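Common to both upcoming complexes is subunit A, partnered first by subunit B, then by subunit C.
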Partner chain A sequence: MENNILEVQDLSMSFFNSHGELPAVNHVSFSVKKGKTLGIVGESGCGKSMTSLCIMGLFPQPPGKIVGGQILFQGRDLTKLPAREMHKIRGKGIAMIFQEPMTSLNPVLTIGDQIMETILLHEKVTKAEAKRRALEMINLVGIPMPEKIFASCPHQLSGGMRQRAMIAMALSCEPDLLICDEPTTALDVTVQSQILSLINRLKNQLGTSVMLITHDMGVINEMADEVIVMYAGQVVEQAETAELFAHPTHPYTIGLIRAIPMLDTEVEELNVIPGSVPMLYELPEGCLFAPRCPYATDKCRSHRPEITEATPGHSVRCFRYMSGWEGE
Partner chain B sequence: MSRYLLGRVLQAIGVVLAISLITFFILNVIPGDPVELMMGEFATPEAIAQVRAQMGLDKPIFAQYFNWLTNMLHGDFGVSYFQHKPVFDMLLNSFGYTARLALFAYVLALVFGLTFGILAAVFHNKFIDRLLMTLSIAGVSAPNFWVAIILQIYFGLTLKWFPISGAKDWNYYVLPAIALGTRYAASISRITRTSMLEVTKQDYMRTASAKGVHGWMLVMKHAFRNALIPVVTVAGTDLGNILTGSMLIETVFTIDGIGKLMVDAINQRDLPLVQGGVMYIATICVIIYLLVDILYAVIDPRIRLGGGAEG
Partner chain C sequence: MSEPLLQVSDLKKYYSLKTGKLFGGRTTVKAVDGISFELAAGQTLGIVGESGCGKSTLGKTIIRLIEPTSGRITLDGEDFTHLTGAELKKARRKMKLIFQDPFASLNPRMTVKDIIGENIDIDHTYATKAERDDRIREVMEMSGLNLDFMDRYPHEFSGGQRQRIGIARAIVLPPKLIICDEPVSALDVSIQAKIINLLKSLQREMGLSYIFISHDLSVVKHISDRVAVMYLGHIMEISDKASLYRSPQNPYTQALISAIPKMPGEATGEKIELAGDIPSPADPPTGCCFHTRCMHAMPVCSQEQPELKQVGPDHWCACHLCKQCVSV
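Let's turn to the complex of A and B:
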């Protein structure tokens, strides 16, 4: 499809260890449209970060191994690409920013060095030109006094500044796709909204597509055009953002949305989803969410539901929906 | 940076002074009168008293200490009781041999230690890693005098490639340098590997990979520099050890270095020589550790520039 920059089709990645095969990413399919933001949401350990590391080819292997499916980026299947070609795509075609700005920058190199490195690696430019572009990028991400920051080391900057520097680094070669893995989780709330609006502004300015991974439904609501909800390595619901918030269908999605703390309503205690994501070596036999699901039936506990289109553009993996239940 | 440096230099001077104090008093309270030992058992008490006065040994102990310290600052470490030569000249002469041996052994240890350590980390859990780490265990555990004797027998006596005793020319140093450097090469390779593997797990390595950095650039520019601090610590201590002389190796190969000189001095209770030798060893160690601290700052901007913004 012309319109999609990235298409992940039926992707499965497993870890192989003494417990046997552990499916970390389980038949996942989605696509990122040109110039749009796809949000991936789910609790810790649901496979959202692993999915993004699969796209980058940076998951730990061994013990990890892609056991099925395709990752089509601009028409090329990344799972079959030789290492040499992947090096060219990382940083140039697809760039990534990570959760921990404190530890994600190399402590012994200056910010300038680290931004210039990406440019020099992927583009045939002189050092002077690379420096000029690095300064331009630092300026673009809204850091005052670019020259000073250029010569600074990561430990001299605040968390928000480091994340800005990370973004400058990631966007320095104008990638077609930017993967943001929990870009604001480690930051103060005020800094968080600054960074999110920065990502949005640059996305529009540079025409970059964004894949945003988060556990925060609020961030999804603010940023994403389309959302996939992941649970224990599977996509459980997929829809456009407005549709998902208006008609959440999977009990897990409903739980996530209910768990968003509201400032304008008085509540005794916050809503939580009881239990936690199952370990990969003790996945339940039936629907993976059944043990925590308030609506689970015997069928849910013995059979796994497939993902099905509920309304056009809105898919869900739930027996209750498939038997005519319309959510709440 | 200059603040850090100044602090470290002052600290170093303090350490040397403290060591001089401790050395002097310990050597002066151990039983056995050096004058009686020097004059032999038939000396009259008057003669002994006279020599004691001549050597300043009848003065109060603090006066003796300050006397010794001031003289030392002027390059006068006293005269050996038994060889009647200035201690300073004797140390300097032995230092020449020890330094040459140390240089060869250390270069060997660094080149092989770092290369093997990096290779083992890059090929973690592969055949090369297992082979190199097996070798390094052998290197760390084999006593160096045993390695020395094996080298002498095989390369010296059987193959006749290198001389096995003395220090007349550079080729005399080959076998002792190998015997001395092996265990340091082994320990440097182990710490390099461990440190590199630790760094490989860090988030910034993943960031570098995500930028498209790969191969040796990833290993050397991103991993190695970050892995260097523990390596520099170990390698620095090793340099201190090597430069202060290896008694065993110098004895096995009959090299008149600091180690051999010190052992002889201790056996003869040659007080000025022992004191001078200890001061030499202390000073070398303090200088090396100072250099190590400066190197830390060169490698790691967090030390050089001090803490910046946090949070």
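Let's turn to the complex of A and C:
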């Protein structure tokens, strides 16, 4: 616990609608170490965003409801905090940046006013001090001409500048944990590279812990200390980054890595994973990956595997790595 | 080399925009500003570059979905630039364009069968409905679509299936060239891999040529024979892919390649971080359009626009630093 800023334990969040109960976050456990970056990877619809919105207390509620588990942040269980307390943690304790910066920017206020407002909400400082800090943040995220941007509205900025402005706002109260949900997916590679190096610089300078959601294995490789792979609402594999790439173990992880065209090697055909991520109302009975898995056995189709440690520090949710596997 | 299928020479597309409301001021956006290349039958030319550099405009101008401002397009030895009426219609059958989301522009009330069959219906290619439906079934199978879907509507399909429908629609009257504008950019990696494999196998079967537009340099490398790098409406470098990725000559190409987040095992050089944003194509820099962000810029770069010079057997680069290769 000492070393962990965040511990998510057996977290489950379901949507309740005409289809019944839909487990969007399904017994998810992981932790984020102080000053480190945890990467979360998986295809769309695997529950990455919902997991982070649970932590922020911002998932759609209803139809969503946390049905089990704990989210321990600095020793407090966020699932039990009253809304007022949660409001204080957002921004100051945990801040989040999104793929689409307009999710968190107000279109009619200047960037400067928005950052100042966040600072004034969380800290007892004068307006002049808030302004000084806002400008400092805008400067820190590498925006040229901070005064000009301070007085601009979001729509006057390019995509990359907006993303930076959002990061400046997220960091203005020096949060202990920064959650980044696909922060660079909509950006060009050269801008992506600027934003990722900015996140790393801030992590090193301010000691911020980072939870980075992406579908890009290259981004994971360059940014994350540890990785969890999510599939259909579950964590299917967890390891340190170097270990994950050296020994990818879950058939889904292996499939994902092999489907990517590599810069340095030539193949005629890319590896494919048959089928697609299931909808939550059509989850199979056994292992959630069984319909797409080349190794699936009858046991896989009727029983759900638990996540277990395959080697020290490397956990996998797959019967192949549990005793008594009789497949292949 | 035999006669190329497509020759594009000094193609320009300038958009004229109203600026001031009061004085009827106009400004010119040089979206495509003097592009030349050749494409051989059965080959793929990849086009990479960041958003706004003119890739989509180039694609649409080549098939004259929008009219070029100047320049010449030669298709199959015939000047396509000035064709009109029936001749234009006939020549246009040789080229098809597919988009990121092929359905964004289609009637949501048309069934898949009618969407795919639209081009043969307009042309009355088949005498009987049975023959027409047979042809639709055939291309659906070639595109990996389940025949049960024939009478369904676009909204019922996932992104990957929609792209297959877009491809089936493009090949129902077999073209010689398909311009693919970011066809996999919105798809998850495992779906992306399937579509790329499909495009490659159709190319083998039908002898198609592709112009493959993408901002993803790894995907472009996988699918292309040759690659052109665009910046602000210009080709900065064009080459066979092996030479381009092994020894990029243009400082912009070098920055682009260095910015890709690398997987383990891929060579990682020093990241070249570009300062600032791409300039506006309404007010492009003088001389070399990249000089405002180039770390090697010299005085001549802001004055003279560099020509594409041959620097290798099939490798051209527009940069004042490049020496013409004499011993080609």
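Convention: the second predicted complex is superposed on the first by the 317 of 328 C-alpha atoms of A that agree within 3 Å, B and C clash if a C-alpha of one lies under 4 Å from a C-alpha of the other, contacts with A are read in each partner's own complex, and residues count from 1 in each chain.
Quick note on the criterion: a residue touches a chain if its C-beta (ideal position, glycine included) is under 8 Å from a C-beta of that chain, and two chains touch if they have at least 3 such contacts.
These numbers were taken from a predicted model, which means no experiment stands behind them.
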Simultaneous placement of subunit C and subunit B on subunit A, clash or fit: fit
Which superposed partner A:245 touches (first subunit B, second subunit C, both, neither): second
First (subunit B), second (subunit C), both or neither touched by A:302: neither
Which superposed partner A:217 touches (first subunit B, second subunit C, both, neither): second
In the superposition, subunit B vs subunit C on subunit A residues touched: C
Subunit B versus subunit C as contact partner of A:256, first or second or both or neither: second
Which superposed partner A:311 touches (first subunit B, second subunit C, both, neither): neither
First (subunit B), second (subunit C), both or neither touched by A:204: neither
Which of subunit B and subunit C A:158 touches, first, second, both or neither: both
Subunit B versus subunit C as contact partner of A:117, first or second or both or neither: first
Distance in angstrom between the closest Cα atoms of subunit C and subunit B, superposition on A: 6
Those residues of subunit A which subunit B touches in one complex and subunit C touches in the other: 158-159, 161
Subunit C-facing residues of subunit A, complex: 43-44, 144, 158-161, 188-194, 196-197, 215-219, 221-223, 242, 245-246, 255-257, 259-264, 267-273, 276-277
Contact footprint of subunit B on subunit A as seen in their complex: 56, 58, 83, 87-92, 95-96, 98, 100, 103-110, 117-118, 121-122, 152-153, 155-159, 161, 166, 169
Residues of subunit C that touch subunit A when the two form their complex: 50-51, 158, 160, 188-194, 196-197, 200, 215, 217-219, 221-222, 245, 255-267, 271, 273-274, 276-277
Subunit B residues within the subunit A interface of the complex: 202-204, 206-214, 221-222, 225-226, 299-302, 305, 307-311
